[in-house]
Amino acid sequence: MSTVNLIEHAQASDEVRAVFDDIKRTRNLPDVNNFWKVLANHPATLKRTWESLKEVMAPGALDPLMKEMLYVAVSVAQNCEYCVASHTAAAKKRGMTDEMLGELMAVIGMASETNRLAIGWRVPVDEALR
Amino acid sequence: MSTVNLIEHAQASDEVRAVFDDIKRTRNLPDVNNFWKVLANHPATLKRTWESLKEVMAPGALDPLMKEMLYVAVSVAQNCEYCVASHTAAAKKRGMTDEMLGELMAVIGMASETNRLAIGWRVPVDEALR
Amino acid sequence: MSTVNLIEHAQASDEVRAVFDDIKRTRNLPDVNNFWKVLANHPATLKRTWESLKEVMAPGALDPLMKEMLYVAVSVAQNCEYCVASHTAAAKKRGMTDEMLGELMAVIGMASETNRLAIGWRVPVDEALR
Amino acid sequence: MSTVNLIEHAQASDEVRAVFDDIKRTRNLPDVNNFWKVLANHPATLKRTWESLKEVMAPGALDPLMKEMLYVAVSVAQNCEYCVASHTAAAKKRGMTDEMLGELMAVIGMASETNRLAIGWRVPVDEALR
Amino acid sequence: MSTVNLIEHAQASDEVRAVFDDIKRTRNLPDVNNFWKVLANHPATLKRTWESLKEVMAPGALDPLMKEMLYVAVSVAQNCEYCVASHTAAAKKRGMTDEMLGELMAVIGMASETNRLAIGWRVPVDEALR
Amino acid sequence: MSTVNLIEHAQASDEVRAVFDDIKRTRNLPDVNNFWKVLANHPATLKRTWESLKEVMAPGALDPLMKEMLYVAVSVAQNCEYCVASHTAAAKKRGMTDEMLGELMAVIGMASETNRLAIGWRVPVDEALR
């Protein structure tokens, strides 16, 4: 009855294997994370998600470390345990120091507090911000 | 019956006015946002929140623009309209370009999608990430 | 195309009117809130929701004011604007003072901050709390 | 100090046992899930919740499989691990295939992404949708 | 300082216009919704989002009406006002009756209640569901 | 790669130890919870969070048990497992009975259901509540 079924490289279809190989090559990893092994249960979602992610996380106006820290912030705010674990690790790999992690968490916590104060007190949006 | 009551500088107590003045001086603004005018209904919360925010948002291992963009990310992820409006404006003031805003939103959206995929498929945390 | 259609007492079916009358009598109000007028679009939901709410909010081990403040806390935490507005008003009607409102918001904000810190830092549950 | 206490059929009061028996009969199961064994700690909540659930999930304008998949969608969107596990199993029992599960997750993920884009970009509601 | 800027067809670049035309053709609409006009501020996100959405919402193991109702469920659970408005309208256009809408909301509400009960009581996942 | 590192009293810096000692004294506990041991990785956040929490949770217009139950409500609504576990235990220590816990959960569940009904049906805020 479990929803979880990990598709390993050896048992994967050609379509899935091509995506796995692209992930390993792009990220310079020996194997893909569980996330991708699970998505492989629905190959169309695996392919579309990886292609979107590759495009979104590529260097651009924001650098890759900045993007990973934003990913952590969203994952904490939405309370996704897997996502916090994997993207915190990815951010560390891209150069996030302990001090940066400490400040990242402090900002996330502070924003969560002021969010609730704004919502609870029903603060009207300032004219200048409309 | 409304919960919203905006305390203006002219009607504020000395305690509230001192906080308002510190906000205006620190941020170089002619007036404080509605957020602070509403918090002034509970002076202890106004003072504590401003002091915490000033400490958390000060330059450190992360620069102020980066911190504001993280604030936007949390606010979008938690769906706080006021907070999205005010912190997007603050990030623009600190130098966020249209292209940076576009990428910021793309990362937030992408993270929200993969969060749900990880949760819905019940992806087990990889041993290496525990 | 709007989903909102307010059913007024005069146009309501007998089944809906009976629920409206019970709400007005129980809460000693001249008319029901928009919430009930909208639920009346699906009479089975109107009836079931009102009967559940009446049972849950009745005096018990917790008093009605305490229950209304808990309702506000959940509504702020889940960011439901209508619910924050209506239950803050209901709590005031039951005796919540401005100082109590100030502390209520402070607790909600603080809890939101520490929630995120616990999630983001991935704090393991203490043995004694399992 | 744990909040969790599973009430088994053998130790249950008559009131609780009557609800357990109705759940087993209605769902054709040899035993009830942990969810019900925990709710039995507060018999009034057990009874009210089961009666509401039985009414809401009965065949109507939407068929039971459709309702279970909607339940999964809400559970993923609100990140309730227990609920995702139990309702995914229930949907499979009612006929959800692997391909349907794959599309279900894809829709949930996509909706989560566009939700955040709409919120983050502050998209104004179209006149025609008001 | 507003983040909202609606790009109309007449002022759009060729790249944006091609996406707008594809949306109008695919959905048989005279104009695109505000959502797309706002995304056009970041053409890469506009194009990627539309292509993903077209793929995910196409008829498959689940029919398009079912997919739209799932979209509504996620939007309500995540409290996205714009998304609730636009996808409820889309579901009605695809054949959702008032009775179906009533049951849809009832399921979403019920799931939200039992989600919180499962989380609050810390219900352990049944062995059979692991 | 894990983000979790528990700082014990023996290995803590003087600054961290002073906070730990104040927590133990204030709460009359032999040791601090894991939450504080983890926050100690970023001493500025440890100190600021403890001082804010001490101020917010002190007796005032609301009594400490009431405040702990509000904390539980927010934690359940935001789905923070650690926070539900620790604050339910703290509320029990302050006198919450099983019957109070049962009603607390019933109110949280009910509020979550009506929150979604208000959001999904797009209930307009009553004039009297604006």
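By letter and in written order, the chains are A, B, C, D, E and F; residue numbering begins at 1 in each of them.
Simple rule for what comes next: a residue touches a chain if its C-beta (ideal position, glycine included) is under 8 Å from a C-beta of that chain, and two chains touch if they have at least 3 such contacts.
Since the structure is predicted, the reported quantities are computational estimates derived from the model, not experimental observations.
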item: B-D against C-E, pair bridged by the larger set of C-beta contacts; value: B-D
item: Chain whose average C-alpha position is farthest from subunit F's own; value: E
item: Chain at maximum distance from subunit D, centres defined as averaged CA atoms; value: B
item: Pair from A-B, C-D or A-D with over half of its contact pairs in common with B-F; value: C-D
item: Inter-chain centre distance, subunit B versus subunit C - centres from mean C-alpha coordinates, in Å; value: 27
item: Gap in Å, rounded to a whole number, between the CA centres of subunit F and subunit C; value: 21
item: Cα-centroid distance, subunit E relative to subunit F, in whole angstrom; value: 34
item: Overlap residues in subunit C, where contacts from two or more other chains coincide; value: 1-3, 41, 44-45, 48-49, 52, 56, 74, 76-81, 84-85, 89, 99, 102-106, 108-110, 112-115, 117, 119-122, 128-130
item: Interface residues, subunit E side, partner subunit C - complex; value: 79, 84-85, 88-89, 92, 98-99, 101-103, 105-106, 109, 116
item: For the subunit B and subunit C complex, residues of the former touching the latter; value: 1-3, 41-42, 44-45, 48-49, 78-80
item: Residues of subunit C that touch subunit D when the two form their complex; value: 1-2, 44, 48, 52, 55-56, 128-130
item: Residue ranges of subunit C touching subunit F (in the complex, touch as defined); value: 2-4, 6, 33-35, 38-39, 41, 45, 49, 52-53, 56-57, 60-62, 66-67, 69-71, 73-78, 80-83, 85-87, 89, 97, 99-100, 102-104, 106-108, 110-115, 117-126, 128-130
item: Subunit B-facing residues of subunit D, complex; value: 72, 76-77, 79, 81, 84-85, 104-105, 108-110, 112-117, 119-122
